[in-house]
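Have a look at the structure below, then the notes.
Order of writing sets the chain letters: A, B and C. Residues in each chain are counted from 1.
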Amino acid sequence: MSEAGAIPELKAIVGAVLFASRAPVTVDRLVQVFHQAAERIGGIAAGFAQVGREEVAAAIEQVRADLAAAGIGLRIAEVAHGYRLESDPACGPWVRVHLDRMRPQRLSPPALETLAIIAYRQPVTRAEIEAVRGVAVDQILRNLLDLQLIRVTGRSDLPGRPWLFGTTQRFLEHFGLNRIEDLPGVDELRRREAQVAAPDGCGAGLAEKPPAEVAALAAGSAAETREAMGHDAG
Amino acid sequence: MSEAGAIPELKAIVGAVLFASRAPVTVDRLVQVFHQAAERIGGIAAGFAQVGREEVAAAIEQVRADLAAAGIGLRIAEVAHGYRLESDPACGPWVRVHLDRMRPQRLSPPALETLAIIAYRQPVTRAEIEAVRGVAVDQILRNLLDLQLIRVTGRSDLPGRPWLFGTTQRFLEHFGLNRIEDLPGVDELRRREAQVAAPDGCGAGLAEKPPAEVAALAAGSAAETREAMGHDAG
Amino acid sequence: MPLAERDYQVRLEVFEGPLDLLLYLIRREELNIYDIPIERITAQYLDYLDMMQMLDLSIAGEFLVMAATLMMIKSRMLLPPEKRAATVEDEEEADPRWDLVRRLVEYKKFKDAARFLEQLERRQSDVFTRHEVVEPGAEVPVGPPTLADVSIFDLLGAFQAALKRIGAHEDLREIFAERFTVGEKIDELLERLREQGEVSVTRLFERMRSRHEIVVTFLAMLELIRLQQIEAVQRGTFGEIVIRPTADAGVSVGAASDE
């Protein structure tokens, strides 16, 4: 590979930045990096002063294609409005053995439900969440805040000015979602007034009409992943 | 790339493990991972029960060659008797520009004061903080929550059950403190903050007697940046 | 019927609420959510409430509020429809169950949404990013103590079945002959799981000869779940529940988490 000092290709820079980055990186951010580097560093970096969104997007696609072709256990995923270099899930079991983390970290069902309510209804107050769940969610909210899956987004105008909660960037990363709109049935679940008009209207929930995504997940990778992890063997 | 559930190639597993690993990985460790996975997980992992040193070494060489051919800014390096996936040093300048943004921002004086009140009085309600500062702290609290320097630790028994705030692990890291008991006065916090914001600026107030923690922090973050960027940093 | 002697206080916080219990009962009895037989569901709901109180689980006040609501609906159902309609302005609101149905249906949608999140999470648990191991918060326990894939109500269902069986032929002499403590049962359970890997909950209770032993064993089981030493999993909806050691139970803390 190129020596230090040689002029790297656009594609190589994009790959290196994605690799070194803690969080998913957007196309805009990459464009900004090229411009800032040209400005601050000059020299070879000045050669990329004119790089635009299309070139960067094309470079990401190249890296994605190259990784797929190489089959070295890495891939580019679109997560949380950006791009992320991550390991192939098929290799997950071995990575887990290496990291000595046999049990995948997972949230409890009540935590997931609370998170679902926040994800669909955000910004939402604690009282609204409790109205839906029918039980106090103090402890769960605290845990979700600790895990940085939710955050306080502001305060409501309601009496007592209660805090409003919303999901975080890390929420998207944790679930491998690109945008909150990628959640199935967002429109339907978003607000209470919009639904539950009549008994027959209520029936059309997620259970009866699963979006293609849900069906695919349920049928395919989830079951296989579970098997691959030896979930039932342990 | 392969779906979860499909049997990945040896090469892919090696690549994924190198990618997810923080420290360099030895051939022996990789062999051990294959054997342990075969034993503990069984199923598809059992297919690699007989993998030996030669095969693993060959797989690493393949990953190395594939990465070199792809030119996507990544490479395999031999470090500390092991192998490490790292970014191409030629791409270092851009990686550095990108990571620059990740460096902690300096806090405003009102934010520092609010933080000091929380640090000393924790757990503390918003009303208590406002009583001390004599001014609304809504926006500041929100920012501090966003920066993960404070968190909601619970709820008070007072009327309206207001949230209680406390400092986080990141608070300690940010100020180079070992424990909350090591807290200095507000002025000292301010000096530490200056030190954090300008690591190579020979910390203004700390010049007299730099605490060991701050020195360690400065050294640590430099090392981390170097690691992320490959060899030519620093 | 509180437990006479408490050698060991089991504090399992129940994060599920009354709506979860109702949905569980509706699902188990294969009832139409829009036409709930209120008398039957109320009786079953109160049974579960009794069990939870007997086990001294820290149940929320909302459970009692819901019990009162159910009984109120039940009494209003006894009125002829014309009379009911007269008390409410809206014709649609004439069915006293309607408000409850609306809440249940809405909540069920979020439960389904949560299942989708769970699928995503499961898929993501095999995906690693480079900074995975150094992310702050990696040490944070994952949410509240979890019952893994089984709800507290599934476990209570198995417990209830065991109590019913013993109720028929409990040998009174046995009760006075044997005293068990939760601590002993915890050791016994762990020992058995070490030998057998996993144990069916039904089978576990089958060998027991007294109410006392079943209650104490159940408490031991809950405690081990809370401590994340064991987990309960269910084979299919309302399938057999088995308990097994968690994958990392007993693994020494502080072992190298990465090379």
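In this text, a contact is a pair of C-beta atoms (placed from the backbone, for glycine too) under 8 Å apart; a residue touches a chain by one contact, two chains touch by 3 or more.
Everything numeric here is computed off the predicted structure, so don't read it as measured data.
Comparing each chain's Cα centroid with the centroid of every protein Cα atom identifies chain A as the most central. For the pairs A-C and B-C, the larger set of C-beta contacts lies at A-C.
Placing every chain at the mean of its C-alpha atoms, the farthest one from chain B is found to be C.
Averaged Cα coordinates give chain A a centre that lies 18 Å from the centre of chain B. Work out the mean CA point of chain A and of chain C, and you get 31 Å between them.
Centre-to-centre separation between chain B and chain C, using Cα means, comes to 38 Å. Residues of chain A in contact with two or more other chains: 19, 22, 85, 87, 89-93, 95, 98-99, 102, 146, 148, 221, 225, 228-229. Residue positions 123, 126, 128-130, 132-133, 137, 258-259 of chain C are each in touch with at least two other chains. On the chain A side of its complex with chain B, the touching residues are 1-9, 11-17, 19-22, 25, 29, 33-34, 36-37, 40-41, 44-45, 62-63, 66-75, 85, 87-95, 97-99, 102, 138, 141-142, 145-146, 148, 151-155, 160, 163, 220-221, 224-225, 227-230, 233. Across the interface of their complex, chain A is touched by residues 13, 15-20, 34, 60, 62, 66, 92, 101-103, 105-133, 135, 137, 140, 142-147, 151, 244, 246-248, 251, 255-259 of chain C. Across the complex, chain B meets chain C through its residues 4, 16, 19-25, 29, 82, 85, 148, 169-170, 173.
Contact residues on chain C toward chain B in their complex (touch as defined above): 123, 126, 128-130, 132-134, 136-137, 258-259. Chain A meets chain C in the complex at residues 19, 22, 77, 84-87, 89-93, 95-96, 98-113, 115-117, 119-120, 132-136, 139-140, 143-144, 146-148, 174-177, 183-185, 188-189, 192, 195-196, 198-199, 202-203, 205-207, 213-214, 217-218, 221-222, 225-226, 228-229, 234.
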